[in-house]
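Reading through the structure tokens given below for one structure.
In this document, chain identifiers A, B, C and D correspond to the written order of the chains, with residue numbering beginning at 1 in each.
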């Protein structure tokens, strides 16, 4: 079990009042919980600005599986980058459209490169990259 | 097979030159392919500003599964929102940390609400929402 | 002088260590100062999701002043929206390009509408909107 | 007068229909104008990922001018970075709060550093950085 530290925070009463309203409407149980979340969000955001860092993330793509050879190209690129891919998951959105989620773990520049390659495949209509974390010490 | 339309675009030569370099370094095969991607990205971004629209997306959370009752709370909330959840996938990052991806489909305000609830659970360290699309007509 | 409140925060030692490094490399003098900034950033971000709120901001545009009637159109639109414009500032980037900053104050939907109108003027090459705050009680 | 080039674009009819609606509701006069804007937005966004590039931008800060020595610190930091600052503009939001816009031009890493320093001053409540462009060849 990790050690918990405690320290005091000073804050203007008007700002604290607004923050307490925010805490309430965002389902937090107390100020510490909300502050820890803000700190973690900032640290993860900060980490993604440093290309050499190890992170986790998810690439979400939507594609038309009827489009010429899109499935073959997707497999080929994923195999070339297999060392940073943990798993993938496939959803049939409708007769034509697929949503695929590729979970990745590795250095930021390699993840960015994979996301860029997947996005540019003919037939891939949309791609996003969720910038997440390995969760160590945060 | 969907009908393909063709139209002419006028563009300053300096801007076109820069765009051609961008196309090249981002693995696109031709200008049409790159332009279609820019159009789709803008349309999906635009759609996510309208709370009543139907979209698809993925909520990525990282949590410490040892944290008090986090697994129970996650299941409870997901069951309450089962009508917008398509599937979920679980990755063991290390002994303590889990990464979970929840694929969602539905109205934007309901998806936002689910993401906010998951984020505020004690034990959930980080949450992101990938704003994607159902892929219809784009 | 506004009243200062003080309260205790509990945080895991590993997370606190990482936060202290962040504080240090981002020039903050102490934890309270950094936490107040994170809280304010989140509150302002939250406020900009509610279209009826009163906010302040800055629209930054870059345009080619030789382009047909761009100066006339810019003036016309700004006069139509004069109730939300506080001031504007003009920079000569080079012989052809101007950077103009329009400071705005008012309801979010009206500011978004103005930014969209300015962006679509022929000759305006780029437009961004800085989402800031009136500073009241934060 | 810069040379205008013309080329053909192929696009699925469903996507084109959606794009035409977007063009219409965003005040563009024709497809070329809207496509040029999308291309420029993407190129500027791309440029800001490369720290050595020359760009233009605006740092918007909101601060309480009563706060201990905030005005002195702001001046000091701005003088240290005078080579990348073009001008600044000051707005009195109310009795206490000021909004200041600092227009910058230079390398991205130096601009980021200045924005970070200004943000961390005690009394500065909020800071944003508008990522714009020098407008050359775009």
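Operating definition for what follows: a contact is a pair of C-beta atoms (placed from the backbone, for glycine too) under 8 Å apart; a residue touches a chain by one contact, two chains touch by 3 or more.
This one's a predicted model, so the numbers in the text were calculated from it and none came from an experiment.
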{"item": "Chains touching both chain B and chain D, listed by label", "value": "none"}
{"item": "Distance between chain centroids, defined by C-alpha means - chain A, chain D (Å)", "value": "25"}
{"item": "Chain A and chain B, separation of their C-alpha mean positions in angstrom", "value": "9"}
{"item": "Residue list for chain D, restricted to those that touch at least two other chains", "value": "40, 136, 138"}
{"item": "Chain contact graph, described as a line, ring, star, complete graph or other shape", "value": "ring"}
{"item": "In contact (per the touch rule at the top): chain pairs", "value": "A-B, A-C, B-D, C-D"}
{"item": "Chain C - residues contacting chain A, complex", "value": "2-19, 22, 31-32, 35-36, 38-40, 42-43, 46, 136-138"}
{"item": "Interface residues, chain C side, partner chain D - complex", "value": "26-29, 33-34, 37, 40-41, 44, 56-58, 60, 62-64, 86-87, 89, 91, 93-94, 96-97, 99, 101, 103, 105, 116-117, 119-120, 122, 125-126, 128-136, 138"}
